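I have a structure here, written as structure tokens, and I will follow up with some questions on it.
Chain IDs A, B, C, D, E and F follow the sequence of writing; residue 1 opens each chain.
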């Protein structure tokens, strides 16, 4: 049956599993995926996406102008988005909260990226492996911008112990567990593909390739539960933040699609680029912020990214951005 | 002997253990994955998903004198990051 | 080598793994599968069986008289069996214990069902996907009957707070985590198969289909450990309950086979129907009963279903019921 | 690209994942694989390796002189190695520590064995399934020797309750969870292959065979983290123990290769035999020793085997032993 | 200050937390996955498999006055479902 | 009433529970996965990987008299294998 993309996105298994996770919470079912099982799937997805991306980057040959330009643009976007977000958020929030929330929106959500890939595949679009490189490169800069904003804009009476040193800013940005695993697996995929045997890659595939889609579904079931649990605290956070959690991604997507057009990306890669801009981090950034900016309320940046932006992107955003891409990319 | 109960975010565990080691406590016990709510009404959940971390509950059996030595250090960590510390009496079996 | 069914069932990997789990406990080996790993496998099996069942139901077309009759008969059995069980159990037990144990036997065990499917496949029998629908439909009614029995037969001096409201009875029956996941996955499989792409189903298969048998084995290893750990408390419960845990399933199987004959099910579906009648729940029902009927001793209903009925069905029951089916179904 | 074996071993995915685990610890990344996820992978690997080995033993037919001789030699090595180790260690350590460390080196590491198999496959060597039998048989005898050494060489004033009875020595040796699971799965593989259906084995393969390499990588990532965390306590343990952790495996490998030559094993099996001799246990033996010889410092035997010998074997040892085999085996 | 220790089945956790919130305790800490045995000699295991749930151990540091306010509510839960509650002395660090 | 806190390696849990049952304690609570350090400065981690096991924290609310009866048995286990035991006052709610 032919369906329009939005409709067909909602009937994709990952989205359906996400939705039954949400429904489980709303109907007060006691369905739960106990810790650390979700961690197993999130580690697995990072490992697999990195490994696959590394192989594809190696196979496609990285030293290509468009690739380098795209990666550069990706980094740039992850620096600019938090700055814009920060000034918007300062209308209502103090420096700490504004910086922390803004950083989350500058960074990315790997699961949203994965969902976009699945969407593209189901719609028959092509996309390139090097976009995983963009994914990996966009995680850290936003954290750096967030911490620098705190460093320079925060009131000068923070306790001494809390002075942020550049060293620790870099540490938080690049050595966060999920950033590290994604980058590490990317490098491993690249090295295996360069120096390893073909047989080794083939033997990895049942784990990293065949299982991927099912594991994605299982993980999204949990994400549905977690996201729905966050909604009440988002209501408490007020309508400004709720609006921000919807309109900031759309605004970022819009910027993203213009940049993608400027870079002459084809539709598949353009959508991935847009999704990277529009998605927000609920893993690396919150962990870094909670550690280095304890003054920010974690419920603000968690509930916006996880409770609203993530579901919005997964269910409605991706097909919406696709139609945007189709409008603007010739 | 005294019993000191410390409850605070797992993220500050290393800082607290260093404080304990500085005064050379005879030992300590750590229980992770505790959840709870503090006076600011923020509920800490065992939300490993986002990596924010739950609370740790640390128990130290030691002499009052050691507690006096570490009081300031512990208080400074807890007052900034949150958490509670209580002392009670305990007799070795 | 040709073996008789009983013998060949014992040499199937799932049963062998179950048995080494049992042996591990009896020999006091410290083999253990720490929580929440068993939960991972039990969630996975429910998800996979639901998803597969949903696809098969959609593919076979559900609006068929025999299918509807079978599903109706399944629900009926799950209402009648606990009533019979209740009156038998009242000989020795109070209302609370009788109702809780009886409910468990009216409901079903998904793993026993899965084992029966594996058995049928290995013996070369056909069976239909809609039987998973029967599985899903038989979980809840027995819980309702159990709670209604408590509501109407229990002494009138239960604390006020414990008055059972129909709302909470329905909640316990249909929103229990494992019931919800099975039903949800069934619906997802159905929707994916109806409106999704063929590619999506293909991409799920390595997870939901290829891995299934191995995961079943791993889970049965744990079930063997758990079941064997329950045996001592069953001994304490006395010989009446031990007899009940063996003869009630056989009696239910007998009723089941007569109904199956009346429905003119073919051998494969008949066996599954019989196994649904003969198996007892150790997941959804105990959780519901512990919550709503705390007066019942949980060790009674757990140790009978898990410590005796489950192993009996897995190892001896299934081939026994098969020969019963072969005798009675023409 | 053709590489020399050492180089190509380092670029195999399992070794690369091991190395990024090590790097994560050295760079203080907060990457961690929370308990009990590593246990899931270690149980899985034991189950899969046992099951596969059991099938291969059955298929190749076990009643063959060379097979029996090899298995006998394997057991012999696991008795001799701890004796030699004990006398070396007594130079610096008391009876308890010496016995416990020596036992670990007499026993084996299943993951090192698996890595050697992967190495052989990538290098195009053949090897036989019955070597898994040798693996299984070498786990227990070293534990027995270790406990006997304590029983007879320890000071006579151990508390009475601590008197070691032969019964409990045997219990610790053969019923340790990981020994039990490996042996049990081996038996199951053997029985399935003998009496079960071909279909059953085929249905197990996606789980036990296809997934194996990926799961191995995931587990080695964790092993890298765990091993690197052990290094500091190894430094505290002093240079004698550090030297022992490197030279004892090499010495054992040397003995192993001579025995392999004497048994006329071909290169593939010879390497596996050598690796069994050279590897040390960080699972079964430590658990048994901590229970029965609490006087030994667990940090000694854990940090040597896990912090040094294991990484050494995985990264450098296996290709080194391969070139030794190629020199000495005609 | 007092320290209140409550140990009871995880399934009653929500009910107990509501009781605590009703009297506005300054905070509480929850540790799940506790196992144990009570006077009726029923051993509660951390048997997640069957979904029966283990025990929760809840610690509340608060004033005696608050404890008096919630005594009846807590007792009524614990007497029906089982569990124990003990009070001891505690001094803030 | 007294509160007895026992902290020791999980491996000795069975031995300790047998000791408790021998004197017929009214109940006990066990929390596993505790980590810690003792006077010999050996840090016990929750290192399930190697199967060495973490610590268990056992709480018993009972009369002084029972504690006196089991004192020797508990001490003999703890002195050989390590671990601590402390008594404090507790009043039922």
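Structure notes:
Following the convention adopted for this analysis, a contact is a pair of C-beta atoms (placed from the backbone, for glycine too) under 8 Å apart; a residue touches a chain by one contact, two chains touch by 3 or more.
Remember, predicted model here, so these are calculated numbers, not experimental data.
Think of each touching pair as a link: the shortest run of links from subunit D to subunit F has 1 of them. Chains that touch both subunit B and subunit D: A, F.
The most distant chain from subunit C, with centres taken as the mean of CA atoms, is B.
Note: the chain lying farthest from subunit D is E, by mean C-alpha position. Comparing chain pairs C-E and B-E, the larger number of C-beta contacts belongs to B-E. In a homomeric contact, the two copies may use the same or different surfaces; for subunit E and subunit F, under half of the interface residue numbers are shared, pointing to different surfaces.
Each chain gets a centre from the mean of its Cα atoms; for subunit A and subunit F, those two points are 46 Å apart. Each chain gets one centre point, the mean of its Cα atoms, and the points for subunit A and subunit E are 40 Å apart.
Remark: subunit D and subunit E have CA centroids separated by 46 Å (rounded to whole angstrom). Touching of two or more other chains is recorded for residues 30, 34-36, 39-40, 177-178, 206, 210-211, 287 of subunit A.
Residues of subunit E in contact with at least two other chains: 31, 33, 46, 48, 51, 88-89. The set of touching chain pairs reads A-B, A-C, A-D, B-E, B-F, C-D, C-E, D-F, E-F, using the touch definition from the header. Of all residues in subunit C, only 1, 3, 7-8, 11-13, 16-17, 20, 23-24, 27-37, 40, 121-122, 206, 210-211, 213-215, 217-218, 221 touch subunit D in the complex they form.
Against subunit E, the residues of subunit B that register as touching in their complex are 4-5, 7, 31, 33-39, 46, 55, 57, 67, 71, 74-75, 84-89. The touching residues of subunit B, when paired with subunit A in their complex, are 11, 42, 46, 48-53, 76, 80-82. Within the complex formed with subunit B, the residues of subunit E that make contact are 1, 3, 26-33, 59, 61, 88-93. Subunit A makes touch with subunit B in their complex at residues 35-36, 38-39, 42, 159, 161-162, 177-178, 222, 226, 282-283, 286-287, 290-291, 294, 297-299, 302, 306.
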